[in-house]
Structure formats: structure tokens, C-alpha cells
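In the two assemblies presented below, chain A is common to both, partnered first by chain B and then by chain C.
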Partner chain A sequence: MIIDCHWHVLFDDYERVIQTSINELKRCGMDRCALMFHLDLYQKEGDLHRQGEALKKVLKDRKEYFVPFLTVDPNVDFGIVKEGVEEYVVKGPAVAVKVHHSMKADRKEFEPLANLLSMHGIPVLIHCWYKTVQKYENESDPSNIANLAAKFPDLKIIMAHITGCGFRGIQDIAPYPNVYVDTSGSQPEDGIMQYGLDLLGADRILFGSDFPGRDPATQLGRIYSLDMSEEDRNKILGGNSVRLFGGAF
Partner chain B sequence: MLIDMCGYLGHWPFRKINNNDVESFVKVMDDYKINLSVVSSLNAVFYKDTMQGNEEIAEEIKPYSDRLVAFCVINPAYPAWEKDFRTCIEKLGMKGLMMYPYYHPYRLTEANAIRLANLAGEAGIPVHIPVSIINVRQRHWLDTTEILNTSDFIALIKNAPNTDFIVSNGATDAIAAAAKDADSKRKGKVYYDFQRVEVFLPSFERLLATVGPEQIVLGTGNPLQYLDTQFVKLHYMDVSDEVKDLITYKNAARLLKLA
Partner chain C sequence: MMKLNLCGLYDASAWVGNWPFVPLRYNTQDALKKKLSEQGICKAILSSLDAVFSQDPTLCAQEILRADREFFIPAPVTDLSRANWNECISWMDRNDVKIIKLLPNYHMYSLEEQIDKLVEETVKRDAVISVQVRMQDARGQYPLLQVKDVDVKELERVVKKYPDQKFLLNGMYMGEIRPFANMDNVRIETSALELNDVFRSLTEGYPQDRFVFGTHTPLFFPEGNLFKLGYASISDQEKNRIGRENLSRFLGIE
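Moving on, here comes the complex of A and B:
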């Protein structure tokens, strides 16, 4: 089973992109992809509700293709965030939360969301990168993720973009078993994925492409380049996603 | 048959690289059934005198003359560059030229750069200009933040009308679209690799529609990048075997003037 845990769908054009996504899934022999709406970075009050209703609409007759996420901006009033998470993740249909680069993950203001997700056992995928140029103002780097993981050991965190995080980023989160990484990010630079596999083990790596930033073929190629057992490869390609996002299956 | 138009030997100064010596490099080629690979010296990019790197690589690949073809790295802002270029082609047997305007202190619009590209055309060898070597976002602090300037590149191909060019490791679909009009009026041609072009997104289709299958080549970036990525993309390309053959070796063979 191949599951892509990092797949964006442009919210304003989601009906068309959903169909494209299903076509691409079939074309490359994948079973499912994340359904992660891409909205404005800093969300407006009604965005969680709009997303939640759109998820319900899409999943009504296409549930078998997706692992639904709710994209959350922790800057929004926590009362609204809590209501949205409870309405559309705890009750469903979403099974996980995506946080983009609107707030660093170890900020005090992030804690209410982390606590809520931890309490309900909801995994969160967080954009992350160690950059020396072109860094976004509120973008998390792996040290922020490590700090969050230390504060919330029961929160399941997927640190996005392994190649962007690099060797040092993998080292940062290695001591925290509640942190996973996805295979997306940048060009398929040699050595980094293998280092992640060696240090973290196959149980903590999830196939994710960051579509439409990069396509699944590029990221699948990284996985096929690694020296590992069939069992480990299957965990990375989909087994770990089934384990983490069980509610979607 | 597979010909890889984009390989490197030598040290990358900003992080440890595996399989960057000639024996390991050829072993990787064997693993991926790559028959022939074009290589150039990473050391040459960063040595003050690129010629030292060119001489190193010419010596290193001698035992593998049936598997490796060397391109020289020339900095046209450095003294005696023209003599170095001629030495590389006439004495060291190099089959192409690498230009790095974002690592060396010149622009492609300057007289010496134009003259160098024209000399390559006169020698019947291609000029390869990578869009970048790595993604600049996670670069080392001392590394460049620049990549290939498309406008300068288009100016260069106009100024070197008989020279063949190769552009690799970037948004080659977009560069091909921007350069299409200029390239159509030239005797030389611009070839593009699909190292950073995606096959599920429309970028490969756009590249193919813009330049046709005769001007696309395989480039892996070995050993800087995982090779399977390019082969997975090849697997999923929705093109005929004839087109795949052009992309994977026939165009490269023509460009390198292989029998």
C-alpha cells in the first residue's frame, strides 16, 4: 500500500484539483494521499468551517482515496480552533491536522493547540526547514519541533521536508520517538534519506511528496534509492501512515 | 543504453558526498546500468585556477575512457582562460565545457563569456550550464545564492549562434519556453535535462511540447542526488519507447558525436 501523507489541494479550486489528484494516484499506482487544503497562511475566522464542510463534501463519495487533514493556523483565536478541531477532526471526517509556517512550533501560543491534539491523539504535520536564505518569518525549524516534542511527549508530530531539515534536523528530533519525518522537501540530495533511516529507523519515516510542489515520482525515487528490507520500505511507503492515520481506513 | 549528461567527480566543499571518486562513481553507474556518463570536476568550480581541477579529472578518468567523458570547467574571468580551454579540448581530450556564471565573477553577457561560448561552437563541443548545483535554500553560508539568469542565458545563445548548449537541474520547462524563440533562429540548439522537471505535474509535458523529444537528455546529478528519482520519472513518463530512447541516449550520443 502506498500512501502519500503530504499532498496539498488548492482550496479555491478544490473540485478540479481533487479530480486531478485521483487521476495521479491511479496513474502512479498509489492508494491514497493526504487531503490537505491550501488556504491563506494566516486564516480567517470561518476558514476551519469552510474546510470542514468541503472535506465532508469531497469524502462523501471519494473517501477511499484520501487521508483527510484539517489545516489549522494557531494564530486564530483558540476558542475557534478548538471548536473547529472538535467538530471536524474529533468527530471527523479529518484524522489529522496540518500546520503551515504561520507560527513557530515551540511558541507559547502554540501550546493550547498542541495540548488539544495530544489529548485527542490527533497527529499533526508541521512544515519545517533549516534554511539559510528565503526563510519565512514564522517558519519552524527542527529545533522548534524538538522543543515541542519535549513539551508534549504524547503528541504525534510529523516533521515535514526531510531534505530541507537535513542531517542536523534529523539529529534534533532523533531523541523524541513521538516525532516522525516525511520524505518531501527540496531536491533528492544524496545521503540525507539514508541518514534518516539509519538514525530514526523505518518506523518514523513516512512517504510524502508535497504535491504539487514536487510530484510523487521524485519522492518515490528517494525511497527506492535506499538500501533497506522490503518490510521497512513498505512501512515508509504506507504502513506507517496506516498506523498513524488509522481513522481514515 | 543510457547516457547520463550530468555527473560530477571531486569534493563538494559544503557537505560530505558519497561515491564522488572515480571508482565508486563507475560502480554506481554499473548499479544503474548507465553505459556512459559525462563528468566534470567539482574541485574545478571552487579552485581559484579551474585548470587544476580539469587536469585532475582528465588523469582520473583515463582507466575508464569507455565509460566516462569529461567536460572542462573554464572561468573566462581568469587569466589565460583561452589557453586553458584549448588545452582541455586539444590535449586533454575533453568533449564539452561547463560554465558557472554564479560561482565565477562574470555574466554571460560579457565579452569573454561570449567568446568562450563561440570557441566551444567552433570546436564542435557543447556548453553545459547547470541552473544550480544544489537548492540554495539550505545552502552553506559561504555558498552562492545565485542561479542561472535566464535573460543572460538567452542573450548568450543569441551571441553564440552556432554553439550547442545544455541546461540542467532547474525549471528547464520554463527556461525552454523563454528561450524558444531565440533558439529557433540559431544553428546550434539548446538541450535540456529533466532532473528537476516533474512527470505528474505538467512541467515535463510542457518541456516536451516546447522543444520536442530531440532536445531533451538524461541528467542525474550523480553523486549529488539520488539516482532512482530520475529513473522513477522515466518509468512514469507517458511517452513512446522511441521518445524514451531519444531522451536516454540518442540525443546525447548525437551531441557528443559518438559513433
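Moving on, here comes the complex of A and C:
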């Protein structure tokens, strides 16, 4: 089973993108993708509710294609965030939370969300990148993820963009077994994936493409570019996602 | 995994040598040829990675000139800002070189200011000038060595100025290709072009002959670009055109 754990769906145009997503899965011989709504970076009151209802609508008759996420901005009043997470993740249909680059992951203000997710065993995928240029103001880098992981050892964190995080980023999170990494990010650069596999092991790596900015087929090539056992490849392609996002299956 | 059914491909971007920041798996000619052959590639344009940072890129050309011509098409690098840039004339005349590769950003010169003298030599020999727009995603560059991408506005002016000169543009991004894709003297190598189902967008939006398949191996793993082409929702004829015919026609080779 091939599951792409990093897949953006533009919220304002989601019905069209959902259909494109299903077509893309079929084109690339993949089984499922994350359903991660892409909204404005800083969310408005009511966005969690709108997302949650849209997830329900999409999943009503297309559940078999998706692993649903709720996209959360930790800057939103925590009472609203808590209500949204409890309503649409704890009760479903979402099985995980996505946090984009609106707040660094080790800020004190992030802690109530981390605590809530940790308490309910909800995995969180966090955008992350070590950038030499073009860094966003509130964008996490892997050292922020490592700090968060140390504070919340029971929180399951997927650090996005292995290629963006680079060798240094893999080193940062290696000591924290509650941190996983997805294989998306940038060009099909060689070397980083092998380094991640050597340092983290196959159990902590999840296939992700970062659709639609990236081509899922190109990114899938990354998983086939390395010599590894079929057992390890299958874990990365989908086994680890099934383990982390079990409620979706 | 679906079978890709790709064979007889021409790769418009391959390198041999060392890159200071990461160990490379396929950076000798033997290792590169073996890897690319296994992936269905039967010819590859070859340049020297060592020439990117060398104090004398012409020294690095020797390895490229000696490459196995059954498999590799040599594209040695010259630095137009150096006094010995014109070594490349002898590569064309004595070694049957048909492509000269330029890295104006790494070699710190303006194409507009320096390229006239090269065009004068290449155009009369029907040789191609290959311009590498970038080597890697700037966001991931080593912090102490930040090299800006080639200025594509300047590149556009240069390419327009010489309509009889053939240009091969490597390492471009999707957002940069539009002005170049309508120029008859240009071919765009596809290793860094990415978007979902990118080849479908390219075949629907641009003239059919403008894009040439490339892998940018060993900096990139070749499987990424092979999957990009193999899984593309375009016809086998279109895959063959991008994967081989466009480059073979441009270079006038079988």
C-alpha cells in the first residue's frame, strides 16, 4: 500500500482538487493521500468548523482515498482550537493535525496544542525547513521540532520535508523517537534520504510528496532510489502511515 | 510499483566528479554509466562537477574529452571570465565537441558582457551553448557559499540576441520557462521542472519540440526524473519525443 502523507488541497477550490487528487493517485499507482486543507496561513475564527464539515462531506463517499488531517493555526484562541480538535479529530473524521509555518514549534504558545494532541494520542505533521535563504518569519526548523519533542515525549510529531531539513535536521531529531520525518521537500536531491535511513531507521520515515507543488511520481522515485529491504520500503511507502494514522483505515 | 517501460532515453544533464558538500554515489564515469544504463538511458550529456569550483576549469575538461563516446556526449565547462576561455575552440576543432557548458553564476561573470566572443566561435561550428541556471535549490545551499541563480531576464536577452545560436538551458524552474519555450533556438532540460504531472502541462502548453529529458545525476537520483516521465499521462510518442528525439534532433545525432 502506498500512502502519501503530505498532500495539500486548496481549501477554496477543494472539490476540483479532490477530483484531481484521486486522478493523481491513480496515475502514480498510489492508494491514498493525506487530505490536508491549505488555507490562509493565519486562520480566522470559524475556519476549523468549515474545514471539519468539508472533511465530512468529502469523506462521505470518497473515504478510501484519503487520510484526513485538520489544519490548525496555533495562533488562534486555544478555546476555539480545543473545540475544533475535539469535534473533528477526537470524534473524527480527521486522524491527525497539520501545522503550517504560522508559529515556531517550540514557542510557549504552542504548548497548549501540543499538550492536547499528546493527551489524545493525535499525531501532528509540522512544516519544517532549514533555509539558507527565503526563510519565513515563523517557520520551524528542525531544532524547534527537537525542542518540542523533548518537552512532549508522548507527542507523535512528523517533521515535514526531509530534503529541506537536510543532514543537520536529521541529526537534530535523531535522539527523539517520537519524531518521524516525511520524504518530501525540494528537488530529487541524492544523499539525504540515505542519511535519514541510516540515522533514523525505516520505522521513522513516511513517504510524502508535497503535492501539488511537487510531482508525486518524482517524489515517489526517492523511495525507489535506495537499496533497502522490501520490508523497509513498504514501511516507508505506507506501513508507517497505517501505524500512525490507523483511524483512517 | 508500475513498470515504467522507458528505454533508449537521452539524458541532457549528467555530471562526473566531486561536489564539496555531500558524498555522491555515481560520480565516476563507470558508476554513472552503469547506473544510467540500468535505468534505460543510452546516452548522456556529461560535464565536470569539479569544473564548478576549479581554479582552472579547462583542466577538468580533459576527463570529459576522454569519456566513452558511445555513451557520453561531452559538454566541457569553460569560464568566460578567464584568459584561457578559448581553450574550448580546440575542444570543438580537435575533439569534436558539440556542446560548451557555462556556469556564469558560479564563475561570477555577466553572460551579456562575456558571451559574444563564444557565440562567434560556436555559431559557425553549429555548436550548442549550455547554460546551467542553477546547480541546487538555493534554500539548501551551504550557508557560507550562497550562489545566486542565473538571472533569467539577462538570459532571455542573450538568447534573443543570438537567434542563430543554439542554447540548451539546464536546471530551470517552471516559473521561468515561458519566455524561452517560444524561442526556436532553445531547448529546455527538464530535471528541475516540477509540478504535478509536469510533462502533461508541458505538452499541453508549449511547442512539442522544446523540452529535453534530463536527470542531473549524480546530484539528483535519476529515479525521480525517470518516474516523472514514466508516470506522466502523455502518450508513448510524446514520452519518446521528450526522452530522446528532441535532443537527438537538436544535436543532430542518432
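Observations on the model:
Operating definition for what follows: the second predicted complex is superposed on the first by the 249 of 249 C-alpha atoms of A that agree within 3 Å, B and C clash if a C-alpha of one lies under 4 Å from a C-alpha of the other, contacts with A are read in each partner's own complex, and residues count from 1 in each chain.
In this text, a contact is a pair of C-beta atoms (placed from the backbone, for glycine too) under 8 Å apart; a residue touches a chain by one contact, two chains touch by 3 or more.
Everything numeric in this text was worked out from a predicted model, so none of it was measured.
Aligning the shared chain A places chain B and chain C in steric conflict. Contact with both chain B and chain C is seen for A:189 once the two complexes are overlaid on the shared chain. Contacts of A:229 after superposition: neither chain B nor chain C is touched. When the two complexes are superposed on chain A, the residues of chain A that touch both chain B and chain C are 24, 27-28, 129-134, 163-164, 166-167, 186-191, 193, 211-212, 214-218, 220-222, 224-225.
Those residues of chain B that touch chain A in the shared complex are 15-19, 134-141, 145, 169, 196, 198-201, 221, 223-233, 235-236. Chain A makes touch with chain B in their complex at residues 24, 27-28, 129-134, 163-164, 166-167, 186-191, 193, 211-212, 214-218, 220-225.
Residues 20, 24, 27-29, 129-134, 163-164, 166-167, 186-193, 211-222, 224-225 of chain A are the ones touching chain C in the complex. Within the complex formed with chain A, the chain C residues making contact are 1-2, 22-25, 136-143, 146, 192, 194-198, 216-228, 230-233.
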